[in-house]
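Both complexes shown next keep chain A, but they swap its partner, so chain B is in the first and chain C is in the second.
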Partner chain A sequence: MSGVSRRTFLRMAAVSAASAAATTLFPGIVFGEWVHSDHDSSDVQWNKTPCRFCGVGCGLLVGIAGGRAVAVKGDPDSPVNKGLCCVKGYHSVQALYGKDRLKKALVRKNGTLVETPIAEALDLVANTMASTIKEHGKDAVSVYGSGQWTIPDGYVASKFLKGGIGTNNLEANARLCMASAVTGFLTSFGLDEPMGCYEDIDHADVFVLWGNNMAEMHPVLFSRLLDRRRKKKGVVIIDLATRTTRTSHAADKSILFKPQTDLAIANAICQVLVENNWVNHSFVQQHVSFKAGKTDIGYGLEDDFTFKDEARAVDLQDFQAFLADYTPEKVAAYSGVSADDIRYLAALYGDPARKVVSYWCMGMNQHTRGTWINNLVYNIHLLVGKISQPGNGPFSLTGQPSACGTVREVGTLTHKLPHGVVMNEDDRRMAAEIWKVPFERIPAKPTHHTVSMFRALDRGDIRFMWIQVTNPMVTMPKLKRYRDGAKKEGRFIVVSDVYPTPTTDIADVILPSAMWFEREGMFGNSERRTQHFNQLVAPPGDAMSDTWQLIEVARRMGYGDLFPWSYDDHIREIWREYGRFHDSPKHAMAPYEVLRQAPGAIWPFVNGRSTKWRYNAAYDPAASPGSDFDFYGKPDHRAWIWLRPYEPPPEIPDAAYPFWLNTGRVVEHWHTGSMTRRIPTLHRAAPAAYVEIHPHDAERLGIRNGESVRLVSRRGEIIVAAVLDGRGQPTVGQVFVPFFDESKLINELTLDAYCPISKQPDYKKCAVRVEKV
Partner chain B sequence: MAICSYIVYPQPGSRDALRSKLTGIAGCDVMPAENNDVMILVTDTNSDSHETAVQQALKQIPEIQCLALTFGDI
Partner chain C sequence: MVIVVTVCVMAAAVMIVGETLRSSRSDHDEQGRYPSPTSTRKPVTDLRHAESRGGMPVFAAAMVPGTSRKGSHSRSLNQYYERRAYAGAPPAIPHPVDSYMNRSQRCNVCHERGGFAPKFNAYTPITPHPQYTNCLQCHVAVTEETRFVDTDWTSVPAPAIQRSALPGSPPPIPHGLQLRDNCLACHAGPAAPPKIRTSHPERENCRQCHVPKATQTLFDRASASE
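Up next is the complex of A and B:
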C-alpha cells in the first residue's frame, strides 16, 4: 500500500462498496469515468470547446493549468454528448504535445528543409504566389483546405482567393468526404444540410444505418442510439453494410449487401412501399415532385471529363413503372440481400406507427453514384412522409469537425460562395458588396474540384498550391500520380500543419500552425450546430493560426484592405461579416456573443432560438405560415423524388484482381493519424494498418493471422499484415484496409473515379489481388 | 472529515441534470453508470461544517429520487 494515503484508501473502499452494491442490484452494470467536483482543483481552469476529432461535435471541457491543457472531460451541458466522450475525445488534448510538433517555419533550400523566421517564410509564400500569377495567370495558384478548417479559416480563404485574387481555385478535403451529401441535399431539397438534429435519436423507434460503422466512426452518437433502445421497448437498430463491424454486432439485425447495390436496395424498398400502398399519399401530393435525370453518366476517370445533369419532370406513375425493375426478388439476385430482408426494411419504413431515422456517412458518399444513393434514401422518407419531424428523417452524418460549418456553409469549394454559387450573378453581387470588391473580380465559372485540381497540378495548369489542415499525400486516391505531379519541377507547394506528414515531405515551405484551442475559432457540426472556442493556450514557437497565415500573406500581396481587422478582434469581426451572407430566416447564424456562452447554436437561429427541424412549420420560422411542411429550397416548394437506377461501379473484381478493396477509419485514429498516432495510448491501441480478410479466403490462399500479404491493384501495391476475425469481418471476396497509417499508403491502390455530380471519389470499391508474401 | 459513498437514483429523465448539480457541490465526485441511470456519489469533506453543507445541498436537489448510503457514517 506504499504511496496510497489513508484517505485515498478510504475513498477507494467507498467506491468499491458502492460498486459492489450496484452490481448486486443491477447485474452487468458498467460505470464510466469519474466526473469530479468542479471545486476540487482550484488551479485548473475548465473551458468549453467542441472536440475536433470527428463531425459529431461533442462538447468538451478542457482543464488548463500553467498555460497547458492538462485534462479533458465531456461537457455535461452539451446537448450533443451530454458529458460523454469517445476514446479520441478523452485523449484529445495530448495531440497538442507530440515531441515533433512543428514550431518553426521550414523552407526548402537546395533540397533541404531549413528553419526560417516565420516572417521570411510568409514573404516567400506571398512573393511566389504573386510571381506565379504574373507568369502563369491567377488560375495557376490554388488553396486546398479542409473540413478541419475553422469557419474563420475558410471564410478568409474564400475572400482572399475569390474576392481578392479573383480565382475559384479553392477546394477542401470535404470534397472527398461530404460532396455527395451536399449534391444529394441540393438535388432533392434545394438547400444543403440535414433537416433534423441529434434530438431525433430521442424520438425514433427505428434506426437504419446505411453503410455506416457508427460504433467506431461516431461512437458517442451510437451510444445515444443504444441508450434509446435500452430505454424504449421495441426500438431496433438495423446495420445495412458491406462488411460486419462492431456496429453490426451491436445492431438488432445485420444485413450485408454487395458493393454498389445499395442503389438497387433503396429502389426495392420504394417498390415494396408502393406495391403495398404504404405511401403517404397526402404528403406526396402536397409536398413532392418527381424528377428523372440522365443515366449512364460515367465515372470521371478522364482528365477532360465533364457532366451536367438535367432534371425532367415525371410523375408517380412513371416512378411506379421505373420501380418495376426493382422487385425484391430481382434485386435479391444481385445484391446478396434476401427478398424477405428487403420487405422487412420496407415494412419498417412503411409502418405509420414507427418513427424512422436513416443515418449514413462515407459508405454512401464515397460512391461513384454518391448523389444518387443520397437521393434514393430521401425518396424512401419522402414516400412515407417520415421527414422533418422529431424522430423521423434522413440524416447525413459528417466526418470532420467543420465540414458543414466551414466547407459547406462558408463554401470553400470552387463553385461556392459564402452564400450561393459563383455561377449565380445575384450571389456574386452579394459577395462583392459585402467584401467591398469589384463585382467583375469574382469569376462566374468554377475551375477545379479536388481530383481535377491535383490533375491540373500534375499537368502544370496549376503551379502553386497552399495546403492547410489536411494531408492529401495520404488521402488522394490513385496517390502515385498526384504525389509525382506535386513533386514535378516548376511546382511550389506550401503546407500549413502541426506535425510532419507525407504532405509536408513534398513541401517547399512548411508553416507551423496553431492547433485547435491554441487559437480562437468556430466549428459547425453535422446537426447545423455552430460551436465557438476561445484560445485557451498559446501556440508553440512561431505557430500561427491558419486564418492569420492567410491574412498575413494576403496583406503582403496588397489585399490588406480586405482584412482590416486587428489580431485581437479578427475572429469576432469575421463572424459578423460572414453573418451578413446568411441574414435570413433560412440560415441566420447565432450572434458571436451567444456562441461564446452557449454550447453551440443550431442555424437557422431566429429570435434567439435554434431551429431543430427545418421545413416543418411547427419549428422552422422560414416555412410558410399555415402550411405543415414547406420545402422552400426548391422553386416549387416541394422536395424532389428522383428516379435513379442501379449502375455498376467502374472497376469490378475479375480473374486478375479478384477482391473488392474497401478502405476506412478505426475508432482510435483521426483520418491519416498525423495527430492521434502521436497520442501514446491511441497509438499503442492501433499501431499499424492491416488488411481484414475473410477466413475462407485466407485459408484458400494459405494466409494465417498476422502474416504479411501483398495487396496489388492496377495502380500500386502495399504489404500489410493480415487480420482474420478482427474487429471487422469482410465478406468472402472482399478486403478492408484502414488509411490512418502513413507507412502503409492504401491509397496507392485506390481508383480516382468519382460521382459525376458531386465529384467525390469512391474509396470503398476497387479491385485488388491478395498475395501471400 | 467524512468519506461516504452512495448509490444515487435520479428522478426519471433527470439523470444529466442531477449529475451536473452533484458535481457543482464542493467535495462531491460522481461516477455515472454507462448502462443504467444510477450513479455512484462519493462525498469527501474536510470539516463538520463542510459535511453539514454537503448534506444540506443534497437534500435540496429535487432530481434525487433516492440516496442509498453504501459506505461511511453520517
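Up next is the complex of A and C:
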C-alpha cells in the first residue's frame, strides 16, 4: 500500500481529535509535541555557542533550564547567520537526548560488548596502545579524528601522537572532505584557507556556485545570497552543477555540465577572458606567477601509489597557448555546456563593473582532480584581479564545524604540525620547543593519509586505531575492503562517540563522549572564525570530552608531563599554548578572553581586530605596507596561476555499468545522520536514503516512483527506493544517493580513487547499473 | 455551552475516534510517544497516490485540523504547538509537499497572504517572515510518523498567555520576536488560533500597547546603580 497506511491515518486522526477534544474539556492544558519539563519559560537562560553541525558555523543561543537544553534561537549578534538558522540548527540540541546515548564505556569480551567502568576501559586502551608499540613499533598505532573535533581535541591528539609517542599516524576525516581545498590553497597561494569572509555576500553582484547545492547544504549562507539579491537590483546567482536541485530553482540561471568537465569549463572561461582581453593586466603583472605541473598523474588506486608534483615556471604566453585547447566550442562538445553559456560566465567574471564571488564545496573537493579544479577557479579570479576585496573572491566552503579550526589550523594530518609541516626542520623545532620534547622525537616523514591508513590497517601494518567523533564505517569509499580490514584478527579498534554507529559495531572498546556544549571547546568555521563555547550542561553518565579521554590515556602511558593542566583550566591553557604556534600577523589567534565574549573572531586577529580580507594591504596587517596586494604566502609574494588540463575520471559509465553515481547530503541530515536521525523532526522529514533517477531512465527501465531498485557497482550493491520527482533531479544517465542512512550504505559502491595531490577520494563519480528488484 | 455544542458537532466522529484511540493506544508508551525500534514501513515518497484515491489527501485530512469556511472552530493553540519541537521552534509542514513545491519552494504563493485553501479545507497560516524564501531550510515535511530511536527530549511548556498586570490592561508579549515581529501574521485572521487571536486587528501598531516581557528580575535600585 502506497502513501499513508490506513492505520497511520486513523492514528493521526485520533491524536488530532483527541487533543482537540481534551482542550475543549480541559481548557488551559496544552498538549504539545514535546514532553514538558518541570521548569517554565521564565527559567530559561540563553547562552551562545556555535552550531554543532556544518562548517558555516552559525551562532546559536541555546536555552538551558534545569540543567538541560530546551530550546534554540539564532544569535542575532553573530555576523555569520544574523539570527537565522536552518532546521538542523533549530533542532540541534535534541541530538543530546536520543534514548540510546552512550553513557558508559563498553569493552568487547568474548565477542560481546560489556559495560565497563571508564577508568578500566581507559587502562585497557593505554595498555593496548603501549603493548602494540612494543610489539610492532610506533607506526603500528594510529588516531583517526575529524573536522568535528574541537580545537583542543585536535591539539591534544597532535601533541600526544607527534610530540609524545613520536608517530605521524594522525589523520582526520577532513581528508575526505577538505584536503583538495587545502592543497588548492597551498599550491595557488602558499597558505591555507579563504582570503575573504562571509561579508563578501553583502557586497557581491554575481554568485557562481560550482557544484554546490547551497540551498540545502549551506542554507543559512544561501539565504544571505537571496537576501542580497532581494535588496540589490541586478544581483545574479548562477548554479553550475551536474544535477538540478533547489539551488538551481532559486538561481537566476542553472547550467548543467557532465561530471569532471568542470576542469574544461574553468579553462574555457579563462580562454574567453584572455581572448577578449578582459584580463586585469596590471594585477597580473604585479601579483601573479604562472606555473605548470605534472600531467597524467593517476588516481591512487594502487596500495603503493605515490605522487609528487613539480612546479615549472611558465608565462602568460605559455598559458595562452595552453588555453587553445579550451575554446568554448571545443569544451561545449564534451561538457554539455553551450559555448554561449561559457561566454556568458566569462562575461560575468570579466565585467569590471561587477563583483563576483565563487562558492564551492564537495563538488570540487571530492574530485580525482580536486586540487586542479580548485587551482582553476583561482586562475579565473586572479586573471581578472577579483580577489581579496569586499565582494570579490573565490570562497571554499566547508562541511564540518571545525574542519578549518581543528584539522587545517591545528594540523591533525600526517604531514602537518600546528605550525607548518613535519618535513620542515624549522617547523619541527618550533613544535619541539613549545611542547618541550626532544626535537628528534617528531618524525620528519609523513606516514599514511586516510585511505592509505585504512589500507595499512587492512594489511596489518597498523594494528591499533583510535577513532574519535566520526563514522568511517559509513563514510569510507569502497567500504567493504576497509570494514573487513578493520575486523581482522589482531586489530584493536577504539571508538569514542555519543551513539552506536556502524563504526562502534566494529569496536573493541567504545568510550562515551561528552558532546558539544557538554564540555568547553572551540570550533573554527569556513571564514577563519574561531568560536568558543562554554560547558552548559553536564555530560551523561561516564561520558568524557575527547580532549580529556586523550589526556587520560596519554597520562597512563607516561606522557603526563606533556599535559600538566587541571580539568578546570585545561581548555584555556591549551588555547594559550596553541596560540604560540600562530604568533605572527599572518595567523595570530584571538585571546581566550576575547573568544569567551565575542561571537567569534576571524584570524589573523591583530591589534584587537579580525582580518576580513587577507593579502589586501587595506585590511591585512601582514601585507607589506605601500602595496595594494601582497600574496605573502609564496616566496615570490605572488599568487600562482596553474596550467591544469582536463583529464578524464578513472571510471566512466560503460555498457555494463551505464550510470554515473553521485552521492551527497540532504538539508535535514548532517554527515552520517548518527545525530540528526535521532532528532524526531529531521527523521520524519527524511527517514531513509533513496536513489534519484531521471524519469526518462526510469521509464526505459520500467521503474516506478517508490519502487525498490538494486544499484550495483564493481565493488558492491544496495537496494534502495527510487525517487523520480524528488527535491533533486539528476540528468539522464546519472543517479544520486544521499549517504546519511547506515542501513543503505552507498559507500559499498563508491570507488577509492583519489586526487594524487590532496589524497582526497572522489565520492561524486563512479559507474553503476540500476536493476529492477 | 461551548462544550455541549462541540460535542454535538463531533458526536459521530467521537464514536469512531474513541474506537481508534483504544486500538492505537498500544502503539504508544505512557507519554504518548512512539516506541522504539522504528516501524519498518516504507517511507512515503510519493503522496500523489494518496491524493488520487479520493481527492483530498489522507495526510492532509489527518494533519490539518478542522478549520472550515462554514465552521466556527479553527486550529487550536494545542494544534499550533503540536507542529513544534519546543515553543519557538520552526513548525513542521503538516500537508504534503509535492515535487514541484519541493524544488521550487514557492510556499509564499499561499503563505504570504493566507486565505482559504479548498484542497486542505483549511485557512492558510500566514508566515511572519515572507522575506525569507528558502523555506524548506527551516520547515520540513512529515513524510512518516516514525522515530529512528526514541528520545528523552523535554522542553519547557509554552509561555502562559493573558498575563495582564491589571484587569483589562494589555497583556505583555510572552515570546521572543525574532523572525516573528509581524504580530498580525499569527494573531489575526481566520488561521490564527482563537486563543491568541486579537480582538482588534485593525490596530496595527501592536507594540504601542504590548511590550515584550524581557525579565523576571525585580528592579533593585541599589544593584542597578552599581
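Going forward, the second predicted complex is superposed on the first by the 731 of 773 C-alpha atoms of A that agree within 3 Å, B and C clash if a C-alpha of one lies under 4 Å from a C-alpha of the other, contacts with A are read in each partner's own complex, and residues count from 1 in each chain.
What we mean here is this: contacts are C-beta pairs under 8 Å (C-beta built on N, C-alpha and C of every residue); 3 or more make two chains touch, one makes a residue touch a chain.
Computed from a predicted structure; not experimentally measured.
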Partner chain in contact with A:678 - chain B first, chain C second, else both or neither: second
Contacts of A:94 with chain B and chain C, given as first, second, both or neither: second
Which superposed partner A:220 touches (first chain B, second chain C, both, neither): second
Which superposed partner A:175 touches (first chain B, second chain C, both, neither): neither
Touched partner set for A:76, first chain B, second chain C, both or neither: both
Contacts of A:230 with chain B and chain C, given as first, second, both or neither: both
Larger contact residue set on chain A - chain B or chain C: C
Chain B and chain C contact sites that coincide on chain A, given as residue numbers: 7, 10-11, 13-15, 17-22, 25, 30-37, 39-40, 76, 83, 223, 230
Contact set on chain B toward chain A in their complex: 3-7, 16, 19-20, 23-36, 38, 40-42, 44, 68, 70-72
Contact footprint of chain B on chain A as seen in their complex: 7, 10-11, 13-15, 17-22, 25-26, 28-40, 76-77, 82-83, 223, 230
Complex interface listing, chain C residues touching chain A: 2-3, 6-7, 10, 13-14, 17, 20-21, 23-24, 27, 31-33, 36, 38, 41-47, 49-50, 53, 57-59, 61-63, 65-66, 76-79, 81-90, 92, 99, 102-105, 131-134, 136-160, 174, 176, 178-179, 216
Chain C partner contacts - residues on chain A that touch it in the complex: 2-5, 7-25, 30-37, 39-44, 63, 65, 68, 70-74, 76, 83-87, 90-91, 94, 97-101, 215, 219-220, 222-223, 226-227, 230, 244-246, 248-250, 499, 667-668, 677-688, 690, 705-706, 721, 723, 725-729
